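The structures come next, written out as structure tokens.
Two complexes follow with subunit A in common, the first pairing it with subunit B and the second with subunit C.
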Partner chain A sequence: MNPLLEIFQYDFLRSAFLTGTLLAVIIPCIGLTVVLKRLSMIGETLAHTSLAGVTLGLLLGFNPTVCAALYCVLAAFGIELLRKHWPQYAEMAIALILSLGIGLTGVLSSFVTNMASFQSFLFGSLITVTPFELKLVIVLSIIVFSIFLLLYRELFYIAFDEAAARLAGIPVGAVNFLFTLLTAVTISLAARTVGALIVSSLLVIPAAAAMRLGKSYRFTLIFAVIFSVLTMNIGLFVSYFTETQPGGTIVLLQIALLLLILLLTRLRK
Partner chain B sequence: MTSFIFKEKKPILTVHDHSVSPDRRDFLRSSILGFLGSSSLARFGSAIVLGSGIASFTACAPPPKREGKKLVCISFFLLENLAKIIAGDQFEIRCVMPVGADVHTWEPSPKKIMEMLQADAFLFNGAGLETWTGKVIPQLQKRNIPIFEAAKCVTLGGTHLCGHDHAHETHAHENCGHDHACGAGADPHIWLSVRNVKRILVYLAEFFIRLDPARKSKFLANLAAGAAECDALDTEFQAVTSRLENRKLVVTHGAFWYLCRDYGLEQISLEGYSPYSDPSPAQMVKIIDFIRQNQLKVIYATASESTKGAEAAARETGVRLAILHPLGTLSQAQIDSGADYFSVMRENLKALEND
Partner chain C sequence: MNRSASGDCCRFERNVFQSNLRFFSRFSAVKKFQTRISAVSQRSVTAAAELSFFSANPQNRFGKFNEFLEILFPKFKIILKVLEIKHLTFSYRRETPILDDVSLTAQTGDFCVLIGSNGTGKSTLLKLFLRQLTPDSGEIRLFGEELASFRVWSRVGYVPQGHSYLNSDFPATVEEILLAHQFPRIGLFGRVRRSHREKVTEVLKLVDMIPFRTARLGTLSGGQLQRILIARALVNDPELLILDEPTTGIDVQNAHALYELLDRINREFRLTILMVTHDLIHAVNYASRIFCLEDGNLAEISPCQLQHELIHRHHHDRKDDACEHVQALEKRCQECVFYQKCVTACHESSFPESSRGMDHSCVVEQHASSLGHSRSGDTE
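Coming up: the complex of A and B.
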């Protein structure tokens, strides 16, 4: 059998490719807006602060995954609120929320008496995606993608200039609210399914590469999605043949391609 | 039993008590042997006589005197369990690691270190299990607190490999320093062999008698009972494992080397899979193919760790997922239900029996 097709006889690898591709489509859609709003670090931050939600869930006896998602939503709104206090320094709000989350996890985790449950709610991996998680990702992708298409124009305005968007009659508050909610839920579920590394890099690297290529918002977005779907799939193949970790391999491939794009655009000038 | 090779042991305990002279020590040892009598224990005993050179710290400052019972601090749950078998309620035994903490990653708080420094003795597993002891032991030695290292009582072997991915663990494991696990050091899970545990009990009794000679008869009686329980469990394991058709044990965490050695089993650990790491697709494929080729019916996941990787392999191959408990830590629920070394090992035995 063709060695390239050989790997599709394993269920877990089929799930990995499907999950990876779906996330590679929706995360850069969110990512471009996030980057333009100067919130590039939000992926890593929400993925790590959601641990506080897991810990709280375990302590209070609620479902840890739901608590993590809820905590992520609260943290994302916390960032939205805080960043208004320092309009020029949006990243400071992120650092504050990250510190709060990790501090809270550190203190609370000493009360958790069952490490097994704690660890199983930590970051997932593309390789261990369960059938339930796959369904969750499919539903999430449909929701995120359709909302994104519906709010395409509004998000485009807000990403560049909130004040101008307000003047153009866009309900900035409502759109921001929805977008923040969407970002938080996507990041927390995706991090639990495939790991924080993949989520936070899919959020930023494709957008960074596409911003060098795209001349318009729409083309930048399309480039970002193509870039991330391509690197996700090639990265998974490479990680199979080189026997390396998928997350790390995909991210390294993305960075390599990004550097290549930087070099080429430089030469063309 | 024949697999034990008695090597020259390094000093297993340090004694600062002036009242214990070298002659007295020999007397202690021979009285342990005399008391126990049983041939297998006599062989253990002779190992002590031949092997253990006991270093004597003849320092002057005694540890702070406390009213009543002596305080013994212990690094982790299992050793606390063993110490209680020997000491009963004769000592105040305190496990510094809290319930549910991960033995690989836990680090003591300054308050816990203070507690250890005020103890009359300190017991730890060694063989790289508790990485934090490297920082605490020099301080204990400075205060001449007697130290007992369980790993020095047994013949170490095996390897303990795991693919811990440090990039993902910045939140919980900053100080993890996993030199033992990521290299090819010996397997630190010595207690998963009942025979090892019996040896540790003998050395523990000797250590405790030296600590508190007045309670010698109690310790020896407890040792006899504990050793008998070990023998009974060993016999049960022999009976069950001799019937096993499949001699290959697929485990998610390679913690069972000593157990496999005792009963002629082979441990195959899902290398590269660990609760902290992102397993590579190629490794998963190898594991899946291995399970299929050997027509295995069961994979053993480790309790107290995430089972995501094992679950994925089980889903793919349709084999059963069973739990083996490595006893590094117990959950509060287990403790509440009165679980101890012997009860959990019997659960492990049941898991093997259903193979």
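Coming up: the complex of A and C.
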């Protein structure tokens, strides 16, 4: 058998490829909007602050994944609220929420007895995705992608000029609310299944590469998705054959490609 | 604005009008007016076709209806109070009011220019119109409706101050932005249709930017970006266009072209324009009404008066053969609400000595600004 196809013999790897590809489609959709709104660090922040939700869930005996998602939603709305107070300093709102999340996690984790479970939330991995998580990712991907396509123009215009979008009659508050909710749920679930490292890199790196090449918003978005799907799948193949950690391999591959694109665009000029 | 209706639409409108005419002609009372109706029927069909009255943006139908009537009855001009401000007071963080009991009315087809020194509240006033700020007291009405209950924002086009606030590196084309701004036509979850793209072509043609339709924003110059912002403000067929210092950072030639464009829009479409500017020379040439904002007060001066004052200022500062001009203009100067603060004016008149001790340059600037001109060497 072709060694490249041999990889699909294993169930866990098939799940890894499917989960990775689905997340590689939806995360750059959210990521491009997030980057254009100057909130690039929101992925890192929400992924880390969801740990506070996990510790709360473990302490109170609730489902940690659900608690993480709820806490992530609260944190995302906290960022939106603080951003309105300091509109020119959006990154400050992110830093505040990140500090709160890490502080809370630090204090609460000292009461957690089952540290193994806690660690699995901290470092999720593509090759350990459970069937339940795969189903969750499939459902979430369909919801996020549908909403993104429906609100494509509105999200684009709000990211470009929120005041003009409001004047044009776009329900900015409602669209922002929905987008914040989707971002929080996607990041919390993706962090649980594939790890905070990949979530953060999938949000920012494809958008950065696409913005360098894209002449229009549509092209930039399509390029970001193609970039992310390609690097995700190539990264998984490489990690299988070189027996390296998939998350790190994918991120390094993305960075290498981004540098190549930056170099090529510089040379073209 | 939307004067290029499709052929099918025109035929449909003509048929509807003619069938209505036949229906009404059955009644004897109406027959008396039939001759009159016949005389204007051709004109009205043309008017309806030109304005695409039935297919126009439904939110702008009232404005279209006015234009329709005006073409039907050319001698009859409908004047509406587009913008009305009564006794408006506003202060930032409860400090000294930046706007103190300000009143203003702009009517259909007015080209209003708002002038004044920096920090006098011109942009604040615009933000109050756009509900980005809330007044302490007073009333603002847009198209006769209270601002709090006004919802049809597509009737208002806004060109913000400077283009630099925009992220010029944003990965978007001119067309994408003009399509996104057509939200009132496309609607939530709506699809872009040919008519929306045609509208983009129409406004780009108006601002002479057709070749830049697919250009990325980052590749445009300041003047071109400003034109795109104006095209964006016009894309929803507004009835009121608000511009906040549109010529900032633009060279003289481009600024002139911009004023020509605004003048054309104002004349051809009877679009009401309200513009904040420091460009007094152009304001004099193009504006039909000039408002001056200073120390929280608003005063209206005629463009003709401002033109005289600009000449007066020129002579006044050069200290040459100015007396003649000054005496001729003294009466008009005294009408200025800031006259009492102007030391230079006091020399030529009989104002109290006490006011002469004030800082000359500062007060002269205020007076100059209040009269709508600056000292020679500034903007002149």
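The definition used in the following text is that the second predicted complex is superposed on the first by the 264 of 269 C-alpha atoms of A that agree within 3 Å, B and C clash if a C-alpha of one lies under 4 Å from a C-alpha of the other, contacts with A are read in each partner's own complex, and residues count from 1 in each chain.
Note that a residue touches a chain if its C-beta (ideal position, glycine included) is under 8 Å from a C-beta of that chain, and two chains touch if they have at least 3 such contacts.
Bear in mind that the values here come from a model prediction, so they are computed numbers and not experimental data.
Peer 1: Subunit B versus subunit C on the shared subunit A, clash or fit?
Peer 2: By the criteria stated at the top, subunit C and subunit B fit after superposition, with no clash.
Peer 1: Between the C-alpha centres of subunit B and subunit C, what angle is subtended at subunit A's, in steps of 10°?
Peer 2: In the superposed model, the angle at subunit A is 150 degrees.
Peer 1: Once the shared chain is lined up, is A:F148 touching subunit B (first), subunit C (second), both, or neither of them?
Peer 2: A:F148: touches no partner chain.
Peer 1: Touch check for A:F227: first (subunit B), second (subunit C), both, or neither?
Peer 2: neither
Peer 1: Pick one for A:H48: touches subunit B only (first), subunit C only (second), both, or neither.
Peer 2: first
Peer 1: Check the residue A:I127 against both partner chains and state whether it touches subunit B (first), subunit C (second), both, or neither.
Peer 2: first
Peer 1: Once the shared chain is lined up, is A:Y157 touching subunit B (first), subunit C (second), both, or neither of them?
Peer 2: Only subunit C is touched by A:Y157; subunit B is not.
Peer 1: Count the residues of subunit A touched by subunit B and by subunit C, then name the partner with the higher count.
Peer 2: Counting contacted residues of subunit A, the larger count belongs to B.
Peer 1: For A:Q245, is the partner it touches subunit B (first), subunit C (second), both, or none of the two (neither)?
Peer 2: Touch status of A:Q245: first partner only.
Peer 1: Working from the superposed arrangement, determine the closest approach of subunit B to subunit C, counting only CA atoms, in whole Å.
Peer 2: 33
Peer 1: Taking the contacts subunit A makes with subunit B in one complex and with subunit C in the other, which residues are shared?
Peer 2: none
Peer 1: For the complex, which residues does subunit B have touching subunit A?
Peer 2: 98-102, 165, 167-168, 171-172, 275-285, 288, 303-309, 311-312, 315-316, 329, 331-333
Peer 1: Quick check on the complex: what are the subunit A residues that touch subunit B?
Peer 2: Checking each residue of subunit A against subunit B gives 7, 10-13, 16, 48, 51, 102, 105-106, 109-110, 112-116, 119-120, 122-131, 195-197, 236, 239-248.
Peer 1: So in the complex, the part of subunit A that touches subunit C is made up of which residues?
Peer 2: By the definition above, subunit A touches subunit C via 36, 150-151, 153-154, 156-157, 159-161, 163-165, 167-171, 210-211, 214-220.
Peer 1: So in the complex, which bits of subunit C are touching subunit A?
Peer 2: Within the complex, subunit C contacts subunit A at residues 130, 132, 153-154, 156, 158, 160, 166-167, 169-173, 176-177, 179-184, 186, 188-189, 192, 214, 216, 232, 236.
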